[in-house]
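Labels run A, B, C and D following the written order; every chain starts at residue 1.
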Amino acid sequence: MSIARMPSRADLETMGTYEIALCLGVVAPLLMFVVLAFFGHRIGKPVSGWAAVGGVLVSLGCASYVLVGWLSSPDQAALSLTHGYEWVVLNIAGADMPIEFKVKLDGLTVMMYFMVTLVSTCIFVFSIGYMAGHSDEVDGQCKFHRFFCYLSLFEFSMLGLLISSSIFFLFIFWELVGLCSYLLIGFYFDKKFASNAAMKAFITNRVGDFGFLLGLMLVFVFLKTFDLDQAAETFRAQYADGSGIFDASISILGWQVSGMGLATLMGIGLFCGAMGKSAQFPLHVWLPDAMAGPTPVSALIHAATMVAAGVYLVARIFRLLTPDAQFFIAVIGCITLTITALIAIVQVDIKKVLAYSTLSQLGYMIFGMGVGAWPAALFHLITHAFFKAMMFLGSGQVIEGCHHVQDMRRMGGLRKKMPVTCWTFFIGVLAIAGFGIPGTHYGLGGFFSKDEVLAVAYERSFNWENRFASHADDGGHGDDHAAESLDERKSRTGLMSGRVVLASGESDGAGHGSKEAGDSHAAGGSHHDDPVLAGIALQQRVIPKWMFWLPIIIAYVTPFYMMRCWWMTFMGKPRDEDVYHHAHESRLMYVPLIVLAVGTVFASYFMFRPVLGETAVIATSAPLVVAVDGAAAADAQPELLGLSHDKDRDPHRAMIGYVGFAWVVGMGLAILIYRQGLELAERIRRLPGVRFIHMCLMEKLFFDYVYDTVLVGGTKWVLAQIARAIDTYIIDGIANLLGRGTVRLAEFSGNIVDAGGVDGLVDAIAETTQGVSDVVRQPQTGRIRNYVLFGTTGAALVLAAIIAVVMS
Amino acid sequence: MFEIGLTHYLVVATVLFVMGIFVMITKRNAIGILIGVEMVLNGANINLVAFNRYNGLGTIDGQMVSLFVIVLAAAEAALAVAICMNFYKNLNTVDVDRADALSG
Amino acid sequence: MSGLIAQISTWSPTVAEFLTFSPELAWAGTLCLVMLAPLAIGRNSRTTAGLALVGLAVTAFFTVRVMGMTAADGPKTGLTPDLIGGMLIADNLSLFFKLILLIFLVGVTILWMSVSADEEEDAPEFFVLLVGSALGMALMVSTHNLLMMVVAIEFASLPSYAIVGFNKKNREAAEASLKYMIFGAISASVMLYGLSLVYGFFGTFDLAQISANVGPVLMAGGANRLLVALGLFCVFVGIAFKISAVPFHFWCPDAFQGAKTEVTTWLSVASKAAGLLLLMRIVNLFAQNAGPAAMGGVAVVIAIIAAVTCTVGNLSAYRQRSVKRMLAYSSIAHAGYMLAAAAIFVKAEFVDSFSAMSAVLAYVVVYMLMNLGAFGVVALLESKNGGDDSIGAFSGLIRRAPLLAVPMLCCLVSLVGIPPFAGFMTKWYLLNALGEANQGLYWALVVVIVFNTLISLWYYMRVVVQMFLRDDDQPAFAIPISGALLVNVCGLMLIVLMIFSNPLKSHSDQYASDLFMPTASELAKARAVDSTDDPAELGELAEPGELAAREDSRNLRGDHGG
Amino acid sequence: MDQHLISWIVFLPLIAGLVALFVPRELVKWVALLGSGATFLLSLFAISTFWGGDASGVFGDAYGTLHHVERASWITGKSFTIEYFVGLDGLSLPLFVLTTFVSLLACLASFNFDSWKINKGIKAYFFLFLMLETGMLGVFVSLDFFLFYVFWEVMLLPMYFLIGVWGGARREYAAIKFFIFTLAGSVFMLVGLVAMFFYSGNAVAEYPELATSYQTGAPLVTGTFDLIELSTNDAIQKYFSDSATTLLGLRFAPMMFIFLFIGFAIKLPCFPVHTWLPDAHVEAPTPVSMILAGVLLKMGGYGFLRLCYPIFPTGGHFWASTLAVIAVISILYGALCAMAQTDFKKLVAYSSISHMGYVLLGICVMTKTGFQGAMFQMIAHGVSSPMCFFLVGVIYDRAHHREINRFGGLWLSMPRYGSMATLGFFASLGLPGLCGFIGEVYVLLGVFEAGNSGPMFPWAYTAAICAAFGVVLTAGYVLWLIQRVYLGEVREEYKGFPEATGREMLILAPLGALCIIFGVLPKQTVFDFMNGTLNLIVDQINGVTQMALAAAGG
């Protein structure tokens, strides 16, 4: 390896076509970024926008190419190539440990990559329209090109995040998307609130990244690799023989962590990053403020892609989780989805409503990850990306049309002015509400994904321990007897076993390195009831009941506030004539809406779900946690719209009693209340009990307040000022004090010192030494007799010293 | 009658020495201090002569050196008086305590 | 029946001995020349100075000549054929120091010419005193004999007292000379008293013999030891007065401030250096003959005095308004540094104290340059602003007279001891000597000296700040070319001696090493085994021993040269 | 020319400076530019011997493989020989080139000298400036301790005058403060110089059989100033690391280590002795601040890596925990202080303290990753902080004040400048993809790993985590700064600000480009040129440590 060797063609040739395609898709927006950064202001207003679109179209092309190739390939495992480019070489315990850039190629990447490119293509196009007006002006200056410049950079970072197989690079791109989010939220940086929001977003994410860093350190030190797959292998191996992280013990600030606790800490640490990006409680505060950015940004970054990156991260590190860590994730997700949904009820700003609903849905995803519904959560991620992006664009359409009025109380009746927006938005509302015909398999994305998450949650909280009870006695390690007991239970509560066992089959196989995951079907057939997996499952916590019931309740709340939002905006009578008067919609902007609507309706289930299911097999083969597939056989034989399920394995059937009619109830309630405009709502709000709750919700449960005063203020105005004071007065003044002290001494010895001059060390030193020198110069009185006296005395002393020394 | 030996000379010399030092320290008059110096020098002379007489080497180095000392003392005295005069011209006194313009 | 008289009567000098003595002779000749010339050519100050310079040049010529000679032939033991007690020694050390003195004297003369030649009407007397004290100092460094030492010290001192008060109108000058004189007289008397005691105990004035016998006495207990210690200490007081070591330094600041700046320049370097080299000689003798075992206690005492001296000097220099006084204190501090070298009583292998001596030699050379430069600038400035040497007078000097400010900067920074100036190199030689001794005592001295550097920074920088960073719009002024040349050469030399420090180091090494060639008295001891009393034969017999001595001296040079 | 390459590079600026003293006033700056430019180009030649070669071939298999070596005896005393011994290895090369680079840009930044508030004495200014460059280059190449010390001190005076004469309102105070602090440090170093020399002499006398010199192969007979010899000679190492070796009754290695450490810590600067830095920076003119932040601070770190640790590994172990505490305090404390500042330049200065804290932290655990991280952090900071200081200078030239709260909206009035500013400050924030990130992460990982590597550093985990929290604070003050200065509505008084001129962009562009390149290709641009030597040093250290432990055990 010669010095300063640059990446050469050799590196390129060893790459597979898919890798090249993916990388190309990543690089194209970067090129556009560079072009726009340097020549954007010359290219001018519409063109630079189209340039950016061109870049992202290339990415979309690559994405589709890879997607098609992936779906049509018989042996997908063979596709994932293992060539990596050595970026830097770390050194651990004397051994070199390279950090490689490697393209991660599996179902999840392909899906996400496609979703992101598709959605962002729509949004780029939409933005051209949205920015066509004066929306691109910052303090009167046209920043059109800068906007698309940032968008391209974001596209690059987001795609890079998706394809990087090393958690280290994941972190790098992670920060880069954070940067883009910062820049785009603060796009209108002449507005104080915008720059504040941007700062808030970045710093909150940094707090999360602090945890991420901690996780990275633990991975580095104990797993000795950053590559996700290798890390998982090592983790499994170390668990198997109780080595590495499992017999390590570290003390942090005197707090001793060891073994399983350490592994948990690692998981939680990594998850902290996700908490930041996906705005999970208690770091959720930045997302609503982030709406200060232009609406397309909210659609792209803060609804569809970046905020989902947190979920993606958790999906990637799923294999490194421990039961406790997983439980922690579930709790966080549950809390988030609840409080944010409640806050969403009272919002009157259309974007804020969407923001809080986004938070709530992200909560669902994280919660899903937490309960082990790996495929379901990701599925929800993708479906949500479509309909939420669509709704945001719709809101953008509305805002642009109404000249940046965002207050829903001033809207109403817009359906006549902007029909396309209205109905696409309505589709979105249905989707998020989980619209579907109960018991059947006809519905929209949210219907499948959310129900599945809930189904798994049900399983985890009600059926878990009695499902595997018989394993308690023999430690959960399978023998026939265990298998039988598992089998018979399976007939009773059919829902889960299929996937658990099925998944166990492959995950077990994958765990031992055999890459036969491609054919999940056969595997599923072959291994029924795997005791090993059952054993792992047994060690997992049982989810407490409230963590099942809260999401259920929120499943009713969601349709309510979404319907409320839609109704207040588009239905009823116009409440503000002049807003209503100006309202209009532009073609350039509703074409993307339609595309996304189609995506929402059709692209959801049959297209993504099976791939996720198969990917799960490898991606979730964890030694300590199991992934639960709520729709076992569904992905076995996907037909066109034919959601034919083996009936007793059907989440919707299972959940019918709980949320089957949630959307009807919620939306109905909303219509009832807002049918006549706002009066009824007002009256309800004034009810004695409600008022206080309403106030709390309006105040976002005081999170911002507490953070700003206690944390930010505490650091900025207390700690920092204290540090500054220490610096100026103590560190710098220590010698000062010395000086004063000596001066006292000097005065004490009968000499007046003119203390003075500026503060600080220099004069302090001077003062000190001057004090001393004044003492020293006492004898120099100018009197000869004194001189002689001192001289003789000194001489006598020296003589005495000599005698003393010589005699001794 | 008792024999006068080296010790007696040395005692005299020592007394002279101590007195000289004492005079130097106490006198305010420059001339007085010079007298103190002379006393010490004479103490030295007594030592030299006495030692030479009693050390039995048979040389007269001691006496020679005492002559040197006397000459040196004379030269010094001459210069000293000149300097005192100069001082007196400037300050109209030979009180050494008045010589405190240079201090600190 | 030998003794002084006998020796004098039997003295019949040879040409070689005359040659050896030629520098002193030339020096005395210059003295007479300057004294008598006015009778012939009037009292013009510049011509007088010129004459003095000529005389000094001749002296320098002879000095170099003799150096060349002795470098080849090993040390000459001065004027007396008798191998006991060299009254005067003409070894390279003394000759080298004479050369330094001469160069310095020339420098001071040039300074005097460019500063106060014009209003000076008693030029001849001035030069008589100047050259006279110089001769005294030259004698100080070339004797082993207590009597000669006393004479030399007095010879150096008496003119100094007078020259300090040379400016008769000036009250401060009068006061300064009075203090100097009284303090000097007292210490001289004390020294003589001590001398008498030492003589009484050892029956000789030859330090070589004394040092040879002092060891057992000091090792043994009893009143004798007390007596000897007292005597030696009184002698030491006399020398310490010249060095102005604490607590015998009180005269120094007052005398230096009161005197004319040229005189201050002269005294601040020459008298201290002479005293130091004298002390070093004695210390080396005692270290070699009596050995560290006996003198260890003395080493400690000298070390303590050195440490106290440099610290007190540096601390007292703070907050002095008068730069002259400040530099006077700094000269005390530097005396302390050099005194530290005198504390090295180590015999282990004699190179140790030899490098101490060479360090002092190098230090003296550089210190001469630094003080000549610094005081020269002060003098030149005073001559322009009516004798104001307060620190404020320096403000904005870089604008008013860059040719003064820059060399002043060099000299001050060099006094602090920071590269790229030679003051740092010599300080390093000093530390090196202490480090070689490699005992706790000397490491402690290293630490003290180094930290004194830090203390001293502040007050030197006060002047720098005034010169470069402040400016209160005092008028610019022109300075005489000769003076400007002088100080700038000093400043430049400081840099040159830093970068090409090698010659300085090797020469001072070589000259210092001459100290350790067997002196006449040692040869005598070497020959005592032959048990013969005839001086004449001793002369011939001396040869083989001498040869041997030269042999090992060569080897000595050989090994440290490479 | 070729065999004297280093000497030419080192002394070329001085020559140019001397020339500058004697050319007409208007040519001075061009002479200076020519001089520093030529120096920079020559220093690029110096890289050539490293470039493309095989790592093991270039860096050898033992510490002390040097390039462009020149050694000649300078001063020969009776008992010591001071050599003019210069050379380059992986430790000095990056800093060496960085120095010439930053100096060139700083020289360019001084081109508006005539428009400064104090614009007298342009000749003196450029002379001192170039003399300073010579001093800095000399420090990085000299491998003889005495020579090192001389160059170290040579930098002192020029810096003093550059701050004290051409500085701001309190320049005199700042200059003398700088002088006293630095000299205080070098005083300790001087004691170390003497002691190390003679103790190495004792060492070779003690273990003559071990005293084989790396250079001649013959056994060493006297003490030495040769830094490589001091750290690689078995006899010296055995004697130094022996706990029975004492100086003034204190154990030798820890004492000497801390003596040297103080000197370098003041330059670095780290927590208790940092107060000179903000003052010096605030008062110094922009180019001097660039030099100060870009190069001078690095000498502290360089000193650790060249002197403290290779020569006194046991001392390093002895003080490790203390240093870690100091480092962590510097990181957090510097960041907090930066957050509290209202003076733009002071803020950047404190951020330097915080960043240098990472250097100390990375070094004090003595792992390869830590060393590499610390070194990279120095390089990165050497690029980003001059940029930040120049950015400050640019608006100071226009607004004539540095009150952060009085700025605002500058990104609107000066878009190009604003973009460069964002780049620079994000680089110093440690954003991935920019240079600041890699150093920090390396340090954190290295420290954390040290905790796992043995019983030696139980505190390392805590240290790493506390330091990691620094990234949050850093983000805090940097973003807050950007918001207050560049974002927000453009104020009336800044509406008319001219965009960054060509000269300014000429200075900013290379720095910005390097920020990105170092961040994207750290291996090819930096690590490849230094890791070899750093690893060898760590091996050396570990070897000695093992020896010392064995000696203590048996």
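Brief remarks follow.
The definition used in the following text is that contacts are C-beta pairs under 8 Å (C-beta built on N, C-alpha and C of every residue); 3 or more make two chains touch, one makes a residue touch a chain.
Since this is a predicted model, take the numbers as computed values, not measurements.
Path length between subunit B and subunit D in the touching-chain graph (shortest route): 2. Between A-D and A-B, more C-beta contact pairs join the chains of A-D.
The chain with its CA mean position farthest from that of subunit B is A.
With centres defined as mean CA coordinates, subunit D is found 38 Å away from subunit A.
Rounded to a whole number, the gap between the C-alpha centres of subunit A and subunit B is 98 angstrom. Per-chain Cα centroids separate subunit C from subunit D by 44 Å.
The centroid of the Cα atoms in subunit B and the matching centroid in subunit C are 27 Å apart.
Chain contacts: subunit B has residues 24, 33, 96, 99, 101-104 touching two or more partner chains.
Within subunit A, contacts with two or more other chains are made by residues 765, 777, 780, 782, 784, 788.
Within subunit D, contacts with two or more other chains are made by residues 176, 180.
Contacting chain pairs in the structure are A-B, A-C, A-D, B-C, C-D.
Contacts from subunit A toward subunit D in the complex involve residues 1-6, 37, 86-94, 138-139, 141, 171-176, 179, 182, 186, 189-190, 192, 195-196, 198-199, 202-203, 206-207, 209-210, 213-214, 216-218, 220-222, 248, 250-253, 715-716, 719-724, 727, 731-732, 758, 760-762, 765.
By the touch criterion given at the top, residues 13, 17, 20, 24, 30, 33-34, 36-38, 40-41, 43-45, 47-48, 50-52, 55, 57-62, 64-65, 68-69, 72, 75-76, 79-80, 82-84, 86-87, 89-91, 96, 99, 101-104 of subunit B touch subunit C in their complex. Only residues 351, 354-355, 358, 413, 418-420, 424-425, 428-429, 431-432, 434-436, 438, 440, 443-444, 446-447, 450-451, 453-454, 457-458, 461, 465, 468-470, 501-502, 505-506, 509, 560, 562 of subunit C touch subunit D when the two sit together in their complex. Within the complex, the subunit B residues that touch subunit A are 21, 24-28, 33, 96-97, 99-104.
Across the interface of their complex, subunit A is touched by residues 178-179, 182-183, 186-187, 190, 218, 221, 225-226, 229-230, 233, 237, 246-248, 250-251, 253-254, 296-298, 300-301, 304-305, 312, 315-319, 455, 458 of subunit C.
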